[in-house]
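Here's the structure, in structure tokens; my notes come after.
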Amino acid sequence: MTNMLIIVFAISLIYLSVTERFRIYAGLVGLQGLLLFGLSFLQLDRITLATVLFVAIETLLFKVIVVPFLLFRIINRTGVARVHEKALPSFYSLLFVSLGLLLSVIVAFSMNTTPYNLMFFIVSFFAVYTGLFLIISHRKIFSHLVGFLVIENAVLLLSLAIGSEIPMLLNMGILLDIFVSVLILGIFVMRLRQHIDDLTILKDD
Amino acid sequence: MFNPSSIFILFFATSLALGLLIGLIHSKPLARILTSLYTIVHIAFTVFCWMHKGETVLDYFTFDPLGLVLLSVLSILTITTVFHGFIYVRNDPPRTYAIYHAALIALIASMTGAYLANGMTMVWIFVEATTLAVAALIYHDRSAIALEATWKYVFVCSVGIALAYIGILFLGFTTRDARLLHLSFSSITEIAKLANPLYLKIAFVFVLVGYSTKMGLFPMHTVTVDAHTVAPPPISAFISTTLMNVGFLAIFRIYALFSATPILPFMNHVLLLSGFLSLLISAGYMLKAKHNKRMLAYSSLENMGIVAIALGIGGIGYYAAILHIILHSFAKAGLFYQMGQSYKVMGTYNLDESGNYMNLYPAGATALLLGLLCITAIPPSGMFISELLMFKAMVAKGYFVLMVIVAILFCYVLYALLTRVLHIVYSQPRTPAVGHKEKVNPWQTVSQFVLFALVILVCFAQPGFLRDTINEIIQNLPK
Amino acid sequence: MTQFFIPAAVVFSFLILVIPGKVRYLYTLALTFFVIVFTSIPALAQFITGLPVTGMVSGNTSFESLPFTWIFKGFLGELRFTIDSLSAFFILVTNFTVLTGLLYSKGYMKSYKDTKNSAQFALHYFSYIWLYLSMLAVLTLRDGLAFLIAWELMAVSSFMLILFEAEKRTTLKIAVNYLIQMHIGFILVLLALLITGSDTGNMSFDALPAYFATHNNAGLFFLFFSGFAIKAGFIPFHTWLPEAHPAAPSHVSGVMSGVMIKMGIYGIIRVLVCVQSDLFLIGWIILVVSAVSGLLGVMLAITQHDLKKLLAYHSIENIGIIGMGIGLGTIGLGLHNPLLATLGFAGGLLHVLNHSLFKSLLFFTSGSVYQAFHTRDLDSLGGVIHKMPHTAGLFLTGAIAICGLPPLNGFISEFLIYFGFFTGLSYGSVYLSITLLLAIISLTLIGGLAIFCFTKAFGVVFLGTPRSEIKHPVTEAAAGMLFPQYLIAGFIFVIGFMPMIFLNPLFNLISIEFHLHTIQLSPALTGIFTKIPLFGIILIILVSLILILRQQLHKSRKPEYGPTWGCGSPYISSNQQYTGTSYADNFIDLAQPVLGTRKEFTGIKEEEIFPGKKSFGMHPNDIFNSALGRLNDVGMSILKKLARLQTGNIRHYILYAFIFILVILTLLYLKIL
Amino acid sequence: MIAAVLAILSAVFFPGIILRVKSIASGRKGPGILQPWKNIFLLFRKSSVFGTTTSFIFRLAPAFYLATIICALLILPFPGLPSVLGFSGDFILFAYLLALGKLMFIIAALDTGSSFEGMGANREALYSMLTEPAFFILFGTLAMLSGHLSMQDIFSGFSFSGEFSLIAGAISVYILVQIAMIENSRMPVDDPKTHLELTMVHEVMILDYSGVDLALIQTGTNLKFVLYGGLIANLFLPVNGGWLIPNVILFLLVQAGFAAVIGLMESFRARKKLAKNPQFIVTLSSIALLAFLVVLLLTRNLIR
């Protein structure tokens, strides 16, 4: 079951890297949130109210509801629905992403990961890769944002790999991370509407 | 009542309370009073921490020497920064004034936390907090360019932080024992002993790259430079000194923890690589710089490169690194305050528009020259000592090629800084400045002279306690 | 006493910055005088006796020398100021030149009264006295770290002095260039000291013998040498010198050229004292470098149009001569021939003193000319002698001295070196003799060229008629400025007429420093150096006799006065005179391949019946300078190309991190890291 | 004492002999031997004209010129009797004294501010600069050959014994003659007879001198000849200046011969192009270098 979800997660990543519509981005981020909720739920061995609540807030509330909501809001506000024209053709990005998949498999295999589940490693590496790739290959800030969210998810996924009892502190960290993502989205919604294209005033050349 | 932990909690409670008060009640006098009060509190707290050196409170925090040294640097710079801050935002509307100071207090508090944190995750959390706090400050003058800088800073920092977090998770994997998982430094040493080196290596790389955003080191130095451009000068002073120290601290801690393991050479090489690249890039950009503050920002990049190299060489280099980071904090802070004043006097940061400073404001010009002397590590600057020690380490370990290249790069950096600063001080501006100019009261410059004097003093005599503390910091590192 | 002297000097020096402008100069003078007195007493004692002053703390007590040491305990920890006879000699030279420079500066700085604000004057005098103090520190400190700090303080203070006229962009550039090159030299010395330190565990000049005893000598020595050579201005390390000297105020140029560059020589000798093997190689290379410096220096000097730049190039030449002496001495050491060694080092050291005298004199006089005429361009000066006879006479004295002509001091030192070379011809291998002969040839050529150059300089600037009309009234330099110059001139004569006073201590010094026993050979030399002044006296007597005779003959028939004979043409205008350019022309034709001097003139074309205005120009060129510039440009362009990262695109910023991680991981995977 | 007499004697006859030889060679009868000196004494009795642009340099120069030459004469060893003031290394002083005279002379020429004298001055400076190496190499050679550094010992240690010393001696004589020609600006590089100022060296420099000063200069010039004549004469003198009289005679003979040779050369030799002069002068140095190498190998017993 766990592996199942992880595979789906990976597929969502691939799809994420090739699509060009922002709404799909938002949807996929939400989907990933859902998957993560499932995963973290499965990873819990003894179910107490506190932990369940925590997981619920962490994933369901933020990753499934708040973040996608904000994303959709941005799309509506800015009215920009597609990635930049001059972005990498999706064919190439597909190539790169599959390369990334291979890479992450190699890396994951090259380190013995027992007693942890290998899949977690592969996919979270893959997620980091994809997130960075999204940021690098796209020009619009929205895509950067999505890339960042994907990296966040990767972090969460990786932390899930530890499985069993995630210490409170790590969770705190993750939670803070998510707060930050929300805050960034906040800034974005409030301020950055006017320059939706890439910002490059500050530079030396 | 007076046991460390309660004082500790009290301090953060005070910070929170004062911050909230200032932030909610938009009144300038109140903000001024409370901030000054907070400065005093912070100093008192630092003294208190020194008294309880080596203790651990709430088992998430510890008063170890490195943290304390950097904390004291922070305390000293807090005085000047608050002082210059008062002058800088004097004419702002109450709201921004209040927000500025609230954010400032938040920043100071979170940096304090980061210095004292005992455990990777704790450090990580506070670093995250600094990002949020400083974002508000960078965005202080609500211009589009400020927004861009803020956005870039927050975004890249968060990505970096996320990467760093992955590194920390890897640390987590190396342990089989859940009780160690909160990753307090004491526990990490145990983990590291029985860990799979590959994991440690990956962890180190991720942590280095992640915190390089804060330390302003290659590869993620880029956004701090932009932040400097728009941030108010006192804040720039913080960003490029105490905040960079936070990044350094995070990296140094993990380095120190792993230094007992076989991956030491790996870490050294990575540090050397990153430091060398920083040096190279900063040299290149300083030769191009057209913006006074960006020039200083790149000089910070250069100095962080030096620190990284010194760390990577090891031996006496560790001493050099610590000494350098301390002295650099003072010198660079002074220079940034000076930049703020020069902006007031000349009405511009643009190199071509600035000039003739010696006649406009002799005291400032003298301070600028003195600061130049300090930052370029020419005797009688104390940073000369640290660079000398670095070279000594290089000779001892036989890195002659690296040494030659570094020396050449130093000469270029020196050239770039000299030409630019001397242009500002002596020659006429190439194109007249448009911004409005105002007078500066020479007494406001005294603080800078004091900072530079501290740096110069070290060239002639290193205070015994400083030497002992640094030796204590590096005692566990491999000789 | 010593416990208070050093902090007192330092603290009082800072008062210069705050003291009111009226008394500032007097205060500086008093302070300098105080320091001079305080340092001269032990230095004289050391120099003359070579033995410690009784009652003073003495440092290492080897048999030959008991250098006198101040152990200064303060918050700096323990500092040892050691004065052995070598540093004593240099201290005395420094003291004299610094004093005269300061005396001269009073009159010279007057002309800046209205253009500079008080702060700049304060900074100037502050830097001046710090240049002096740092030079003293360089001469007395042995500990590596302290030495390095003093060494760089010296560079920085002189840098501030050059910056006095910083509102000119060229001055700024020159000053920066100067500091950078000083810094390079500094790094070289630093590296050398570090190597010493890392091998002997004691980063100090005292540790050098220990190092040289166990390691290859030539390597470290040349590291030191290249570091000090930049300060001394040996070709090809000289490029800063001809720029920096003209840019500085004249009294500063005098001090810099007179003593500051000698610190390089001091350093070289200080290291040389400890060298134990490879002496031949070292001596040979020093000899070659110095010969090249001497020749090129004077050749380039001839091509200059700027009076002070010309003098600056002559400093390079004289450094070359000094170096030749040192090289000879080193070879002498290699041959275990005390006579050669003594001759060489004595010649070199005496020339250090001589050069400090006549070069500062020349710079001061040229400064006075600059003050009076507001130009240093040879081709627009002329006939100065009628306006400023004293200055002219002093310049001539300096010129004769620097050309090494009898009966003045320059001849004594050059004679020593010549004598050494000729003596050496019959020792050693064939190669040595050939080397020495080449050295002799270059020394003679240097002498001849120096005469050529100074006939040009003196003739064009002081003689003939003005080449450009002067708008403002011109007066002789003030008495206050002339007095120090006459003082120096007096010294020049003293050395010329009673050299033994100076030579005996020098021989003594050399025998102490290099552990030679030259006492038995001094009578032979004494004979010579009592004869040479005799000729000087005879010469003067003869000249005066002839002049009297002339007078007598003229008494009877009054001489008439008329215009210069223009071969029948009654119209002689001042621009028909020989200019510096045309005077140098026939030499430059010969030396063009070496110097690469650019000549440009518009000839008369065939079809031109009524030729229009023609121009002739000559542009001196220093190949090393341009080469260095080109090298520097390459480096800069490379660095600037590297700096492309700050594109402003966030995606790029992330990309760097991405690539960095990937690279590291790949290297990791490939087991490279 | 004797030395002084000798010097004066030879100085008196020297210029005359040259003139006489030249005129005979060109088929004329020529003036009396003492004619040049008559001219000089005439000049002494004349008053002089000074250029208005000139300064005290102009008046000092002749005195210095003469004085330096007399000093140099004091160094010159004379047959048999010990040189008046010789010491080891004295030939360096010898050369530099003459150089001092030249320097004064050159700046005096520049003092007039006339373009012609400028030319003369800078040629003089260049040529003397180029000549000096030859002189020094020569003395280096002789010094190495004899192992002494004072003219006295050098010459007394020198004899035409053995082919190599013969070679060395021959070359030295040749070089000394040529140097003398250049230093006194005689034929190959300069022509005292011409009166085209553009091509002159020495004559043009004294263009503005008249009366007493001119007389002093000409006296100096004549003495200078004696100087070089004396040097050459010393080469021919026997090793131990045993008894005086033959030496004296020999000395005078050599001087006369030298004068005659100069006369002949002057009359049978064309003047070089100005541009070619430097090469010619430098050739001397290279020849001297040859002599040096020969002697070097000889003294090191590398060749038998």
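Brief remarks on what is shown
By written order: A, B, C and D. Residues from 1 in each chain.
The definition used in the following text is that a residue touches a chain if its C-beta (ideal position, glycine included) is under 8 Å from a C-beta of that chain, and two chains touch if they have at least 3 such contacts.
Small disclaimer: the values here were computed from a predicted structure and weren't measured.
Any chain bridging chain B and chain D, meaning touching each of them, is among C; the list is complete.
Counting C-beta pairs in contact, the chain pair with the highest total is C-D.
Inter-chain centre distance (chain A to chain C, centres taken as mean C-alpha positions): 70 Å. Averaging Cα coordinates per chain places chain A and chain B 31 Å apart. Centres computed as Cα averages put chain C at a distance of 36 Å from chain D. Averaged Cα coordinates give chain B a centre that lies 44 Å from the centre of chain C. Touching two or more other chains at once are residues 152, 155, 159, 163, 198, 202, 285, 288 of chain B. Annotation for chain C: residues 643, 646, 650, 652, 654, 657, 665 touch two or more other chains.
For chain A, residues that reach two or more other chains under the stated contact definition are 110, 132, 135, 141, 144, 199, 201-202, 204. Applying the touch definition to all chain combinations yields A-B, A-C, B-C, C-D. Residue ranges of chain C in contact with chain A, taken from their complex: 643-644, 646-652, 654-655, 657-658, 665, 669.
Per the touch definition, chain C reaches chain D in the complex via residues 382-383, 385-386, 389, 392, 396, 400, 403-406, 411, 415, 418-419, 422-423, 425-426, 430, 433-434, 437, 440-441, 444-445, 447-449, 451-452, 454-456, 458-460, 463-465, 524, 527-528, 531-532, 534-535, 538-539, 542-543, 546-547, 550, 553-554, 557-567, 572, 574, 576-578, 582-587, 590. By the touch rule above, chain A contacts chain B in their complex via residues 110-113, 115-116, 128, 132, 135, 141, 144, 148, 151-152, 154-155, 158-159, 161-162, 164-165, 167, 169-170, 172-173, 176-177, 180-181, 183-184, 187-188, 191-192, 195, 199, 201-202, 204.
On chain B, the positions that touch chain C within their shared complex are 152, 155-156, 159-160, 163, 198, 201-202, 205-206, 209, 212, 218-220, 222-223, 225, 266, 269-270, 274, 280-281, 283-285, 287-288, 358-359, 362, 366, 373, 378-380, 384, 388, 391-392, 395-396, 403, 407-408, 410-412, 414-415, 418-419, 422-423, 425-428, 459-461. For chain A in complex with chain C, the touching residues are 106-107, 110, 132, 135-139, 141, 144, 198-205.
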